[in-house]
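What follows is a set of structures to go through.
The two complexes that follow have subunit A in common; it is paired with subunit B in the first and with subunit C in the second.
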Partner chain A sequence: MLFLQLLANGLQVGAIYALTAAGFSLIFGSTKIFHFAHGATFAIAAYLFHFALAGLGLHWTFAVAVAAFSAVLFGVLLDRLMYAPIQRHEGSFFTVFVASFGIGIVVQNLLGSVFGRGFMSVATPLSNSVEVMPGLYLSPLNGLAIVSAIVCFAALHFFLTRTFVGKGLRALSENPELVRMFGLSPRRLSTYAFALGSLLVVPGAIFTAAGTGINPAVGHHVMLISLAATIVGGIGSLRGAACAGLLIGVAENLALWKLGTQWSEAMTFAILFFFIIFKPSGFFGRATVS
Partner chain B sequence: MTAYILNLLVLISVYAILSTTLNFIIGYAGIFSLAHAVFFGIGGYTAALVAMNVTPEFFVAVPVAMGAAAVTSLLLALPALRVRGEYFVAASLGLQVLAVTLFSEWKSFTGGIGGVIGIPAVELFGYPVYKPWQFLLMSLICLATIIVITRTLVHTSFGRSLKALRDSESAALASGKNITVIKTLSVVLSSSLAAAAGALYAFYMSFINVESFMLDTSVLVMAMVIIGGTATILGPLLGAALLMLIPSALTYLSFLPQTEIGSIQQMVYGMAMVLLMIFRPGGIVSSHPGGSK
Partner chain C sequence: MLRKTLFSITFAIGLASAVSVQADGIEIGAVFPLSGPNATYGDIFMSGAELAARHVNEDGVLTGDLNILYEDSQALPQQGVVAMNKLVNVEGVPYVLSAFTGVSKAISTLARRSQTVAVNGGGVGPDLAELGDYFWNVIPLANNEVGALARYAVEDLGHKRFTLVYVDDPLGESILNELEKTLPPLGAELVESHSIAASAQQFSGVAARVRSSNPDVVYVASYGSQQLQIVKQLRDNGVKARIASYSAFSVPELQAQAEAQGALFTTQSIDWDSEDPVTKRFVDDYRAEHNKNPTSYIANYYNAVRVFALLAQALEEQGKEITGANLLAQRKATDTFELVGGEVSFQENGTLLAPIQVLKVDGSGSGKVVSVKAAD
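The block that comes next holds the complex of A and B.
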């Protein structure tokens, strides 16, 4: 029974990781910006959702809207105010990474100072676990997280294959020069990538805030996981990021079966380390390694 | 007050050793490691173990600590040989996270979360060094030695090979450089020198635990290198001094709540990293005038 319980938890966590990793992978794949502050977006969305719901007492639909709006705004502002000026003069991987990391540090501490450093969780009617089978406790949130991940991936797939902007984003990841030649602006597309990628963290942020709870370092943790998932899945492959996110979520929870909680993060990084040394291109990655 | 300043100076020199050694691989070899605190920690724990069980002699404990870090640093060299850029950052992050788990779980070596308590004062040829000013002198001498070592290395053919490798790996390979050896050596060297800083730190504090060797420390040291200026001698020193002085300077601003000092320090250097990358990517002491590489 413990196994099933851990598997159920793993699937929920995995669905959240998959969405966040897909967001990171989308941004990184199409714009080549190593958006380390993606975790900060997650933390901001989670905290503002919590604040809107528990602090202001808004209806949950408004709280979700607040989270979504703030995530997109944060992503787009970073793209416009930070990444654009950096890319204008140099934009090496290193420079972008350092700046992004810096913003991550600022946001984490700012959230800590404003909302407190402890764990926070918002109780919703959906958070209550019910004993489905002897020893197996499930809450509606478990199922909801998985369903919303599937819906988001379907929508994302539709967007990327059917709409003009989506096709533009895929073209940008293939060849930015050619995109420019066709009269599209890579800068504009980059903004779309950031808006979309940031939007993808929102379900994860909400389910984490309503489920296991959040603390200011949550962004950091989520970032490490999505980074691991992106690389394990193969950089630039959304499908890969999603599968790897799911794999990591499940592996992390199944590790609890035999090992203590403190090993779950180590588990993720053992997987990552293994992939980097033996198969740096990941599951579905292209053969090239920078 | 003198004790306070001496304490600050010792800590600055320990961190200056860390930033100088990290700069060696970031600035000259282009290996962007987020696992520097791991070797700081290995140095600290090993030196503590040697001092408590064998002898607190400086010239025994520090070389052993450096040796231990040199061996474990092969774990970092391995991904560095395989991948570059974002992949390597991720690998080093992975190593850092794994190491923190090990540090807090491997109780016989590290004492777990509680740490190692009661590390004896370090001895130089049998003379214990415990007065703060003596210790400051010792750590300054270590720092100077390490600066001289890295400076000399950078100006030898080894240093030139490193820079060639940083700028273009394939070109370096084409000119007949042995990339495997050069990269491994630079990682081993930087990590073992970082372990010396760890040993000094352990002797100075006489108590260490995992808190000092977490990702935060790696990031802090990275910030020192970047804010000061990569690929320069002065930059990392300046960076270390600046970032260590920020919390002390902030305590003088009495309107700030004392509990928030730590997070304000982090916000200040986070913001400094962002602004520098936008306006002056080379750092304060830029090796390339004009700010671009």
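The block that comes next holds the complex of A and C.
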């Protein structure tokens, strides 16, 4: 029964990881921008959801809208006001990384200053587990996280395969020059990528605020998982990042079945090293020749 | 011309008086977590230290104003050493307030080498008592806290099975060692122990393991935001066993946390309603300023600053310089100190010995005392 319990926990955690990793992978795959501040987007969405719900007393649907709007706005503003000027001046990959890393630190400290540096969580009965069968406890949040992830991925798949902008985003990741030749603006597509990638962190941020709770440094862990999942899934592969996020979440939890609890976080790196050594192209990535 | 001259004279006088204030001031240092996930402790520690400095200055205990120079350790040993280096080598302070077991151990070498007194009021690792003459503790250490809680849980409540969730650092290790040592003689056992990384935030899997071990008591040895996350996730994931911890549970966020209600924790025993003048003044002024009861951490750092003031006052009266070596000699020559909580004395190893109280988190902000145990 412990195995089943850990698997159920792992699926919930994995669903959240999959969404955040897919957001990072979408941005990185389309724009080649190492958006380290993706973790900050997660933290902003989580904090503003908490503030709208607990601080302003808004209905949860409005709180979700506030979180979604703030995440998208933050992502788009970063793209327009920071990454675009750096790229215009032909800043290197490293310059973009350092700038993004700095924004992550600034956001962490700003959130700490505004909302306090301690722990916060949304008080909701949805996070309380009930015993569904002897030894197996599930909370409504478990199911909601998994259903949300499935809905989000279905919507994302539809968007990327059936809409003009979605096809443009996929084309951007393949060949920006060709996109330009077809009269599309890579810059505008980049903004769409940031908006969509940032929106994907929102469900995870909300479920984290309600489930595990948040602190200003919550974005670091998200970024770590997103990065590992992007590499394990295959750089540029959205499907790969999602599967890798799910795999990491499940593996972190199932590790507790037979191993000590201290090995839980190490599983992420064990999986990462395994792929780097034995399958560097990741789950669905293409082999490259340098 | 006259106006210019007047401005110059005023400016010069202002500058001279500023310099003279700085020269007359007596400075001590503090290495506290002021940013990061444990910054909430820094705010708490500062409130106690600042209140003591205010009382010292109001009473004119020293010949100059007492100022505390704060440096940020982020509760990390390496940052703590950088901060301590600055305080000792740049600012030249003779006395530094320290916190957190890992940070305190890291800075103790520099304290000994530079003959600077470091005083801990927040870390509880038992090996903090063995860091040399220049490292003092104004807080009972984990061996006393764990022992008192174990005796209460086993002897008074009849609990036998303990599970430990502990952060993988010197503090967590020391509590694991203490529980392994303390429980068997009482007829209880540590059925499982779960080590977690200091950065871990996801504990639903740990909760599943804890639940499957069916303990009577889950002892949580963590601090900061993490301990709140552990408590919430244990309860959310169906762990119904009694939760217990050490003095880190005395922070306001945990005291107000719904999932923590009913949890047991320990601190040194201080009667907030005591009529002794030092305790009464501390409690009254703290309540007036913050509109709530103080906690033991606040009293510890108040005491740490007060100990300095009392020692420095004695040195000034003897015409001696306020140095780390002289402070140490004066402490050894002083039998007892009038501190918050009553008259106390230091043990030979520089650690205060105090009775331990077991409290229950009851939403009041400071917990309800359910038992007082003599220190081991």
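The rule is short, and it goes like this: the second predicted complex is superposed on the first by the 282 of 290 C-alpha atoms of A that agree within 3 Å, B and C clash if a C-alpha of one lies under 4 Å from a C-alpha of the other, contacts with A are read in each partner's own complex, and residues count from 1 in each chain.
Just so we're on the same page, a contact is a pair of C-beta atoms (placed from the backbone, for glycine too) under 8 Å apart; a residue touches a chain by one contact, two chains touch by 3 or more.
Only a predicted model underlies this, so the values are computations on that prediction, with no experimental measurement involved.
*Asks:* In the superposed model on subunit A, is it clash or fit for subunit B and subunit C?
*Replies:* With subunit A as the common anchor, subunit B and subunit C collide in the superposed model.
*Asks:* Under the stated touch criterion, which partner chain does A:T212 make contact with: subunit B (first), subunit C (second), both, or neither?
*Replies:* In the superposition, A:T212 touches subunit C alone.
*Asks:* Output check: A:E265 vs subunit B and subunit C. Expected answer is one of first, second, both, neither. What do you get?
*Replies:* Both partners.
*Asks:* Looking at A:L256 after the superposition, I want to know if it touches subunit B, subunit C, both of them or none. Which is it: first, second, both, neither?
*Replies:* In the superposition, A:L256 touches subunit C alone.
*Asks:* Taking the superposition as given, does A:I276 touch the first partner, subunit B, the second, subunit C, both, or neither?
*Replies:* The answer is first: A:I276 touches subunit B but not subunit C.
*Asks:* Just subunit B (first), just subunit C (second), both, or neither: which does A:V13 touch?
*Replies:* After superposition on chain A, A:V13 lies in contact with subunit C alone.
*Asks:* Quick one: classify A:F101 as touching subunit B (first), subunit C (second), both or neither.
*Replies:* It touches subunit B, and subunit C stays clear.
*Asks:* Touch test for A:W60: subunit B only (first), subunit C only (second), both, or neither?
*Replies:* In the superposition, A:W60 touches no partner, neither subunit B nor subunit C.
*Asks:* Once the shared chain is lined up, is A:N109 touching subunit B (first), subunit C (second), both, or neither of them?
*Replies:* both
*Asks:* Of the two partner chains, subunit B (first) and subunit C (second), which one does A:N128 touch, if any: first, second, both, or neither?
*Replies:* Once the two structures are laid over each other on A, A:N128 reaches subunit C alone.
*Asks:* Counting clashing C-alpha atoms after the superposition, which of 207-215, 225-233, 243-251 or 279-287 on subunit B is the one that bumps into subunit C?
*Replies:* The overlap with subunit C comes from subunit B residues 207-215.
*Asks:* Using the superposition on chain A as set up above, list the residues of subunit A that contact both subunit B and subunit C.
*Replies:* Of subunit A, residues 109, 112, 262, 265 contact subunit B in one complex and subunit C in the other.
*Asks:* Using the touch rule from the top, collect the residues of subunit C that touch subunit A in their complex.
*Replies:* Subunit C residues touching subunit A: 35-37, 39-40, 165, 168, 194-197, 199-206, 208-209, 211-212, 224-225, 228-229, 232-233, 235-238, 251, 253, 258.
*Asks:* Which part of subunit A faces subunit B closely enough to touch in the complex?
*Replies:* Residues of subunit A touching subunit B: 28, 34, 82, 85-86, 89-90, 92-99, 101-106, 108-110, 112-113, 224, 227-228, 231, 235, 262-263, 265-266, 268-270, 272-273, 276-277, 280, 289-290.
*Asks:* Mind pulling up the subunit B residues that touch subunit A in the complex?
*Replies:* Residue positions touching the partner: 32, 78-79, 82-87, 89-91, 93-95, 97-98, 101-102, 104-105, 219, 222-223, 226, 260, 263-264, 266-267, 269-274, 277-278, 281, 291-293.
*Asks:* Mind listing the subunit A positions that touch subunit C in their complex?
*Replies:* 1-2, 5-6, 9-10, 12-13, 109, 112, 116-119, 121, 123, 127-131, 135, 137, 139, 211-213, 215-218, 220-221, 252-253, 255-256, 260-262, 264-265
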